[in-house]
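Worksheet for the structure shown next.
Order as written gives the chain letters A, B, C and D; numbering starts at 1 within each chain.
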Amino acid sequence: MQVTLLQQWVGVAAAMMLLVVFALLAQRHMHALLRWFALQGIVLALTSALVANVADVPELYISAILALILKGVLLPWMLWRIVINLGMHREVEPLVNVSVTLLIGAALVLFSFYVSLPIEKLSQLVTRNTIAIALACVLLSMLMMITRRKAITQVVGFLAMENALFFTATSTTYGMPLLVEIGVAFDVLIAALVFGLFFFQIRKTFDSLNLEDLEDRQ
Amino acid sequence: MFWALSAPSLALAAFVSGISLFGSHDIQRRVVCLLLVLSGMSAVIAGLAGLLASPITATLPIGLPWLPMHIRLDGLAGFFLLVIGLLVSAVSLYSMGYMRQLAARFNVTTLYVFMPLFVTGMLGVVIADDAYSFMIFWELMSVASYFLVTLDHEQDANRKAGFLYLLMAHLGGLLILGSFAVLYATSGSFEFDVMHNAVLTPTWASLSFILALCGFGMKAGLIPFHAWLPEAHPVAPSNASALMSGIMIKVAIFGFLRVVWDLVGLEHAAWWWGGLVLTAGSSSAVGGVLLALQQHDLKRLLAYHSVENIGIIAIGLGLGMIFAYYDYPTLAALGLVAALYHTLNHALFKGLLFMGAGAVLHSAHSRNMEQLGGLIQRMPRTAVLFLIGCISISALPPFNGFVSEWLTFQAALMAPQLKGTILAALIPFSAAMLALAGALAAACFVKVFGIVFQGSPRSQGAAEAHEVDGWMQLGMAIPAVLCLLLGVLPVWMIPLIDAVPDILVNATLGESVANSGWLWLTPIAEARASYSPIIVLLALLLAGGVFLFIQYRGAVKRRTAPWNCGYSYPNTRMQYTATSFSQPLRRIFANLYQTQDKLLRTEHGNTLLTKKIHYQVHVQDLIWRYFYLPIRQTIEWLTRQVDWLHEQQIHGYLTFTFITLLILLGMLL
Amino acid sequence: MSLWIWNLIEALLIIGMAPFTATLVKRLKARLQNRRGPPLLQGYRNLAKLFIKQPVLASQASWLFRAAPYVIFAATSLAAAIMPVILVATPLTSAADIIALVALLALARFFTALGAMDVGTAFGGMGASREMTFAALTEPALLMSIFVLSMVAHSTNMTAMIDIVLNTGLGLRPSLAFALAALGLVTIAETGRIPVDNPATHLELTMVHEAMILEYSGRYLALIEWANQIKLLLFATLILNLFFPWGMAGSPDPLYMVIAAVAWFGKLLVLFVLLALFETWMAKMRIFRVPEYLGLAFLLAILGMLTHYILEVGV
Amino acid sequence: MNLFDLLLGAPLITSVIMAFMGHTRSATSVNIAASAIALITALSLAYRVLQLGSFTAHGQLFFLDAYNVFLLSLTAFVATTTAIFSGPYMLHEQQIGRVTANRLRLYHSMFQLFVFGMYLVLTTNNLGVMWIALELATLATVLLVSLYRTPAAIAAAWKYFIICGVGIALALFGTILIFATSSDVLGHGNDALTWTLLYDNAGQLAPRVMTIAFVFLIVGYGTKVGLVPMHTWLPDAHGEGPTPISAVLSGLLLNIALYALVRCKTLVDGATQGDLAGNLMMGFGMLSVLVAALSLHRQRDVKRMFSFSSIEHMGLMTFAFGIGTPLANFAGLLHMTAHSLVKSGIFFTVGHAAQAMGTQQMINIRGLVSHHPGIGWGLLIGTVAIAGFPPFGVFTSEFLLFTAALHTHPWVVVPLLLGLVVAFAGLFRHVQPMAFGVVPDNAASIKINMLPVYVHLGLALILGLALPPFLADWYQTAAYLLHGTAR
């Protein structure tokens, strides 16, 4: 089947998503991390718009716009304000040094490629080859949550994982039914609100966002 | 079947009244004890009906929808109903008096609530005819008796004993559940008669046998699993421990018979089944009595003796199983009847002894034999009843203990029929163990009676002891009289028991016992062996009576101080104590005990003279060190390893999820 | 009915002969120590004296102390009555077999110990404790040694056991030899003879049986002493009739009875000479050497049983 | 006004009202009233199912069959009893100053939101909506767990939120995969996620993809069920949250998560025709029973200990559904009901005990039987019931489970038996000193409301002794439904 130009663009967008997730893994500074997170939201919106165009599924445009507003603009801005007025010091202390994390990330991509091989063979969708990348994004964002010391970076990891899931939805199934899509977006929004609520609490009681202090209360 | 149902329902009525009437203790006591006595009576009648009439089955609407509760009243259930009924009625009469004084010290409502439940549980187990209701009543019995054991839960030792008791009961219950599950897996149904006719492969049959032996052995107190029994029984109030020691371990024997002999069926038996039960029995017999000898707590001593007597019953069962395997049905019937006869005897004299111990505890306020003594003058009637109990348990002629031991010896002497198998050599050795256990039991009960009742009182409590009230004496008199009757009239009792071997090994002793008249007991054949208890009793009375008559007109007796090599008047401290009485045996069997002795010596100024000396020895069971502690330590070690899992931080927990996901995905490649 | 009367006569014979045989043993021992020893009827005179004397009781002795001698005497004399002495087939043997005999002796011992504990002195406690300890070790050996014979005879009925030895020539049987040795050792322990316990002494440290009956006096002491003498004669007859029954009367006509009586008394004489020799040759063992002695007896009995299985069951 | 709207509307509306209503004594009564309305609607729905058998509403969006109807009525019943129990309990907490007035307002509205989430999970027919409802319920419980605002409570809530968030995200990935394969068969709309349609033509779904989806689902929903190694959030969430929440969390939320997992398992079984899904669940179940049993021994906090007991029982249920035969499913369903009744009863008692003794550390909780016979005996009988002693329902389900397991995998029963005994030892070793012993001097006497506990234990007793026929019939149809064959 002749691969049209637009389909190639979808492939490029998927590659961009993978690149962004790796960048998130590699960041040292909080501000840079948030900027890349916003970029991820925008790329996500772009891919869903592209897929909507390629597979001519109209509702996908709505979810693309939704993604752009919510994940591209709103969440990063919220996180940015939290970082500013909590006066978080700049750098992100990773538990495991960055180069090792990147190595593990590469291995995970290879692993997710092998795992999703059978899915690609079966699915007739035009965007089937992006499933492997979607799975890789999910695993990488989980890795990001594990290897970060700060509560904020863990939240970013969680939200990156939500983005990866949104991307999976668009790539494997041209987007979930609208009802489900809205529901998921609504849940992510509430989750972000609750995170904000928690940060003030943690700040007030532990006066530091390090996760170690949470533990020694046991 | 009406009586079989009325027994547990009356016990349940007692349970309900126990709960509802918690207002005044007196009414509560009378109502509960009366209902229990009636329940005991109806159990006796049901037992007799079961033994004499043909088996009846019925179903009750409660239970799972597709498995209503089945009940069966056949010979086996009948015999054990008889045993339970006799002792429950006796103990309930005894409790009429005993509970009055107990109410002062403990919250007796729990006793009134859980004693009837305990009796209902036991009655239910005996008449259950499907695995599900058997298990329900079985564990109901365990839980109810747990609450009886922990009645006095202020002391820490009682709680520990209660915990160990319920843990072992639960483990035993699960093992029995395993053996039922094996039978269910092959027969496809829970009802006993379907299980009975199921054909088992040798491996499944042996697995079910092992599970049943361990499960019921744990409840009965066979040697490796007996550790809870001497801890739990002395701690319970005396009427409860009389019931527990008298009947509960017999219900375990019933369970063993029902599962192994009836359901699994001895035709599926392997040759080593009987041998295993025989060795377990003889080691329990000797181990139990050796440990009993070294105790100085009266009720703990009696509890260890329960282990010994269960061993003797197991020897009878083992012999029966061996003969059944080599298909000598009449000899198997002899072994079984010997075991059942001893079950009935033990229920009676152990119940009597525990009630006696309760009376001593009630009036002398101490269980420690070192502080008792001289009670025969202060409690004459209890002393006589206790003496009858001691003679019966030491298997001496006019009383019932001797008859069952005699039958077991006869069964053991049939071993040459087995023509040179290994078991044939094992049997005489177990007969020797039985003889040793019997002789040691006699030594132990001379010590008990001599230290507790004879000599002069060793403490203020013992000095002020007073005779117990009428109800308690009546409660003790019934089993005492029955002990004598069973000792003298076995010829009537054995045909009654015959219904049980008729079901299990379809052979009976009836005709060989009947055809030689009511005077002689000839289990197998006239020439073989015979014993006529009546002639022995008459001859004893005659010989003793003749000289009593001649002597009666003899010179008047004179009373002086006992001979003490001419020194001062002997005081109570010069008497032998429980520890000193068993000192020779402690030295001879030293390597079987784990002794810790304590010597406190206070000098008198310079170090040469001692002002005061106190010596105490405590004997601990070897089984604790080599069987129970290792298990406990491995579990403690495992819990420490698992605890590492929960001391991580949030990263650790996320890694667990992440790694599980990767492993599972990896498995699918 | 005549058999019952013969049985009664035999019983009275044993009970009557008991004091005579006891003094006979004393006299034989005295002869070996070239002393004259007591006149043969001394036993009867002692009993007569004791029966008349006024019994002295301890202040806190209970009814059990007074009842015990009667039970002891009754049990021992019944055990003696069970034992066929002259006639092989006495009716009482079918009423109680060998296990019942051992149990009756155990009953007697039980009440002796209780009598001893009743007074609450150190002697009574010590005697009872030692007696019951040794009894606990002797009884299994005694039972095992008898079981060997009963397995050969396929019955525990004494008449049947004697028949087997009398009529079916058993030939050389090592198991019976072991059983005989075990029974011999057990007899010495059971009747309280020299190596286990010295019947003549009142020394606190060594006496076992004497310590128990220290408090008894008058007619009670007479009954107990008499019971002890019956027990000695009973065990002697047990050894003789079970293992060397030759000469016993098959049927109750007078000629055979006389021969049987003479044979019985002759064998007794030989046995008591051997006993006297053994006692003068041996010294009393330390208390805690006795368990090894009894362990040996138990081992011999078990060996007897195993050899019976391995060698003779096939026969 | 169809029953479903009433069932879902009541808690949603009340949660909004409660958010704005100032905290007055009437708040608890409103809370109880709302739960009562929901209970009545649930029972009438159950009655309708009894008449008509399974039925759908609102155009395949909502759905009731034998499997979720008894769970719905059970959830409604336990939610009502918890509301009744939490009334006086939270007032007492407010009196001793652990909770401020407006936090109680948050408590009531979040409680209703949480109950709404659970009803939605049970009644929805759409896997996507089921996921959303479960996520909503998790968010509600996070706020409830951090109600006391103590450092430990916040740490526990944070841990709960992150671990469950990750877990549920993985479950979403699984749902997306299911949607991917089903959209080829059932078209791109909502039908592709409707469970009834999926169940009917599970055969056409691609087996490979379904297995991968099930891996994500079992890890995802397994975190919510509390299966080991994803269980680590559960002890903290129980230990730090208020007692009514621990009771509802342990009694109901774990059941709901397992309900969702088993729904997906039936689809996977239909697709793969193999027993991979069953074996996975059995593996996780066995691991949970053993690890939970061992970790019971070294606990210090009473609610943490009982949460490990919940993990052990959830392990048993997963094991039962893993076996998959109708008898095992029956045992699993019965165990679900009995466990949630008895466990919530125990948590009520433990709540009272903690209030009476002023602490949750088991070392200084002593002599309950003599201090407060109601609490003491309630705790003892509850522990005996949860340990699986016969007269109660938990024993029946364990009994059936053993016999079912012995049919198919005989040698698996041995570790299970050992696990149960070790668990009993660990549980009773802590409960017995708490119930018995001498009363410590700092014990306060509080107004206790033990009626819900005795009602729960009574129901568990009925389940054990005389299982009502209609309930048994439901279990039977559900068992065969889950086994994939018509009854």
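Here, a residue touches a chain if its C-beta (ideal position, glycine included) is under 8 Å from a C-beta of that chain, and two chains touch if they have at least 3 such contacts.
In this text the structure is predicted, and so the values were computed from the model without any measurement.
Other chains, considered apart from chain B, cluster as A, D | C (clusters defined by touching).
For the interfaces B-C and B-D, the C-beta contact count is higher for B-C.
Comparing the CA-atom centres of all chains against that of chain A, the greatest distance is found for C.
At the centre of the protein atoms shown, by the Cα-centroid criterion, sits B.
Chain centres here are Cα averages; for chain B and chain C they lie 35 Å apart. Measuring from the averaged C-alpha position of chain B to that of chain D gives a distance of 44 Å. Distance between chain centres (mean CA atoms), chain C to chain D: 78 Å.
Chain A and chain C have Cα centroids separated by 101 Å. Touching two or more other chains at once are residues 115, 142, 145, 154, 214-215, 218 of chain A. In chain D, the residues that touch at least two other chains are 158-159, 162, 166, 170, 212. Counting partner chains per residue, chain C has no residue touching two or more of them. Pairs of chains meeting the touch criterion are A-B, A-D, B-C, B-D.
Listed in rising order, the residues of chain B touching chain C in the complex are 373-374, 376-377, 383, 387, 391, 394-397, 402, 406, 409-410, 413, 415-416, 419-420, 424-425, 428-429, 431-433, 435-436, 438-440, 442-443, 446-447, 449-451, 454-456, 520, 526-532, 535-536, 539-544, 547-548, 551, 554-565, 570, 572, 574-576, 580-585, 587-588.
Against chain A, the residues of chain D that register as touching in their complex are 126, 128-129, 131-132, 135-136, 139, 142-143, 146, 149, 151-152, 154-155, 157-159, 161-162, 165-166, 169-170, 172-173, 176-177, 179-181, 183-184, 188-190, 192-193, 206, 208-209, 212.
The part of chain A that touches chain B in the complex is made up of residues 95, 111, 114-115, 142-143, 145-147, 154, 211-212, 214-215, 218.
Of all the residues in chain D, the ones that touch chain B in their complex are 158-159, 162-163, 166-167, 170, 211-212, 215-216, 218-219, 223, 228-230, 232-233, 235, 280, 291, 294-295, 297-298, 369-370, 384, 387, 389-391, 395-396, 399, 402-403, 406-407, 410, 413, 417, 420-422, 424-426, 428-429, 432-433, 436-438, 464-467, 469, 472. Residue ranges of chain B in contact with chain D, taken from their complex: 61-66, 107, 132, 135-140, 142-143, 150, 153-154, 156, 159, 162-163, 166-167, 170-171, 174-175, 177-178, 181-182, 184-185, 635-636, 638-643, 645-646, 648, 650, 652-654, 656-657, 659-661, 664-665, 668.
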